[in-house]
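One chain, subunit A, links the two complexes that follow: it is found with subunit B in the first and with subunit C in the second.
Moving on, here comes the complex of A and B:
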């Protein structure tokens, strides 16, 4: 792969197909294929799903996987496969919003931490330390004991749990950039600090942000599932991946498919995102972009 | 060195104080009424009022905050609403088990990270390189609770090798520790692999080869000592994440630690217990981090010498 990239970079005007090939490596292709499938099946859930997500069938309670029910049925005879398809809509949307929110807040804080005044810089880095110090599940327990769990609260928790990681990465890069000549030159010309941060430094962070977005999305899918599994996330009857697995928790000994199979769908989706993130990182490294 | 340690200790104290006050205020200002949860459903108003008096929740928030900190100064975290027992006793019973689980998980993941990461750095295109990439990706993608459930299904229900939950001796540590270790392994594995790759390119490694030292000795003795520093740093940063994973695993495996206690406290709106758990956990975290900072200087004399 590196050689292809190197060739593409050496050629004065690379042929279009060669540049296109250079953008792809096996992890990105495999990851994108799985992710595409996951998104497609969530979007098309009403078309694909063989049953309704909340259709109760008391004559088919806790049936093991079969051709009639790919993932079996749950404690009240709902088709687990259909619920996973519909749950994907909720889980992916919530995780997506949580990812965007935590990245946006994290980037803003990271830039502030590198380009704010002295007091702001110290305050931001302390805040990052405190946030990372606090186990995310304990934070969720503290917040959901104060307010009733709901989707907006879940998204707020995602932003709270995820911003510090992003802020740390952004701040690290921004601090390195701050020492470079172009930033000093801008300061000499009297360009306001925040303008330098947003107009000139932010674009250099974008490759890292793209990698971070993929990784953060995977983390948010896992986060949603974990909190919903603990009863602090998406509340029933709305199906979400974590919630479906919570339904199966009491039947682990007798009906393994209720928790194991929705988990496989979830792991495949977040694995796809991790692969995309890894692949992009590898590609940026090969091109000398951070 | 002394001023460095003092500075870190003061910082640690400030962080713990900040967390304690925010948890206290969040709970008091917006949570449900613990008296209503403790009292029977159709309790008379004066019964509920009596509970409020007993719990001290009828007083202004500032007064509650004051007496709370006065208690903390004396090592008293108050009485649990739910268990009617000193919070400190409940925590003292649960914390050692949680720490044991966390330490076991950490030991597993560090061992795997060091062995697999070194092998992968040495031979990137071998089975080891592939295995460590696969484990790193899988660990990042799989939630602790789901992996825990799968472990129970395979090793407890089907093979009957390990107990499925509770705490009854060392065997019941195995499955939860493996589940938790997988969640912190990816960062450690990646960091050690990258650090080892960089170290193996350095001059002193080439010199060691020239002296005819055996490869195993070069990698696991000389290179490892250098490659370990970033590993220790990320381990310190990930302690919060580790504790999060431990809490989840405790719930899945019915493991009688802090996490299970926290969930019970949450459902009972047991303010003193939630506060106590939060403060104790945050303190543990901060202390571990402090320890790691000091360990850093011990492992790498260059850092110790640079300290003013």
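Moving on, here comes the complex of A and C:
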């Protein structure tokens, strides 16, 4: 015997904030929340931090995380939590400047590589290849053995390490755009090449640049930490995430919190940026904008 | 009288490489077409017959393998010559969806040719943009729109207006109506004839649609496989075609005028395909 069950058709649920929700897909929301927290705590460091970033307390050395010291203390009794907050200010600022610098230089080179004459085109693409093939840590060692490491030198290294990736992406898209009719139309109308590159092609690249900015920022945070950890970046006593980890390196077996907790801050922040970049990429692809 | 624009003995070969072997494809072989003052020349032929390539050579988007482009009777050789040619000759692209910059507002796109040629100041240019829009039958507010906010017909009107901004003497139109709905096609064609008459333009009009050519042109050049098979005044070519290819093309026009009339039972209903003897 069979039982016929009437299944009530569910009416499609109205979605009042559909457009809003579509713009904010989960990776973007999660990424933005974490990044927002990171930026906020960096900005508000002087307010939140329970101790000064360089305040030494020799009576509380290498204390594990507790309510007095959330992230514990380091080898000379400095509060790791406060140092991570203040370190975020330095790390994020330096990475931000490095990101903008590398993106600006990379975009300029990418456009030059797509719109220059044949010689310039070949020169730029070879330069990109060379830069991409060159290990950036080696480059940093070479530069910092010649000049004393400092924040400006670090930013210069960031631009050097990051421009080629951006240039390759920009050049690829620009070459694709160059073949389109609107670029030919501009040439026929007498618009100079430089103007075509800047006024017609560059605006079409902006969505990709935004995605690239998020990804590049994540890479720059890691880059800063790498170089500071190796002693070639931000110099003590200025706290930075990589620098704090360097301070804790010698105690890693006995006092894990000195290296692990700044590491967590670093990983979460760059993860947030990658999520945002990824979400934006999906968003632009869905819209048909590249 | 020398023609304003002439392509003389134009040849274009493309080289493709497949499996290490070179293949030469002759897209245009020895084609000569001239446009006189105020004349509408039609360039007709099937897809891939070299019409577009030839027209692109005339404006310098492609370079000819051999042959010369003449501007007012003088061969165009240097960069400066091309620049001068492009002040006199303009080009409207086939696809209105790709020929307008997607991120530029229409007003800015129309003002740009004036800007780069140093014509007028800001307010004069804005005035010229308004004039140009009304010339092609668009309202002024279109200037604030992006191409993505316009229909195909509107975009093609904008393309037309943009090509006319610097007041050229010759306009090359590459299949400008083939991407549009039939009703919009008629509007754009009517507009084009009006503009041609009022501005005294010479037109090189490329199409595969013989009805459009017959409606519009004074003279027609029939191309097949990169070569000219026939040319002459429209009435003559359509009335008494000399080449088999032209006859085949003409027979392929779906004829709506005789629909419903008895056909004496000689042929089955429906049109004949182009027969190439």
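Heads up, the rule we're going with is that the second predicted complex is superposed on the first by the 272 of 290 C-alpha atoms of A that agree within 3 Å, B and C clash if a C-alpha of one lies under 4 Å from a C-alpha of the other, contacts with A are read in each partner's own complex, and residues count from 1 in each chain.
Note that a contact is a pair of C-beta atoms (placed from the backbone, for glycine too) under 8 Å apart; a residue touches a chain by one contact, two chains touch by 3 or more.
Remember, it's a predicted structure, so these values are computed and weren't measured experimentally.
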Superposed partners subunit B and subunit C on subunit A - clash or fit: fit
Touched partner set for A:154, first subunit B, second subunit C, both or neither: neither
Which superposed partner A:214 touches (first subunit B, second subunit C, both, neither): neither
Partner touching more residues of subunit A, whether subunit B or subunit C: B
Touched partner set for A:234, first subunit B, second subunit C, both or neither: neither
Partner chain(s) touched by A:130 [first = subunit B, second = subunit C, both, neither]: first
A:204 touches, of subunit B and subunit C: first, second, both or neither? second
Partner chain(s) touched by A:255 [first = subunit B, second = subunit C, both, neither]: neither
Lowest inter-chain C-alpha distance for subunit C and subunit B in the superposed arrangement, angstrom: 5
Subunit C to subunit A touching residues, read off their complex: 59-61, 83, 86-87, 90-91, 93, 95, 98-104, 112-113, 116-117, 159, 162-163, 165-166
Residues of subunit A that touch subunit C when the two form their complex: 180-182, 184-192, 195, 199-200, 203-204
Residues of subunit A defined as touching subunit B within the complex: 126, 129-130, 132-138, 141-147, 215, 218-219, 222, 225-226, 229-230, 232, 242, 245, 249, 252-253, 256, 259-260, 263, 266-267, 270-271, 273-275, 278
Subunit B to subunit A touching residues, read off their complex: 11, 14-15, 18-19, 23, 26-27, 29-32, 133, 137-138, 140-146, 149-150, 152-153, 157, 237, 240-241, 243-244, 247-248, 251, 259, 262-263, 265-266, 269, 274, 277-278, 281-282, 285-286, 289
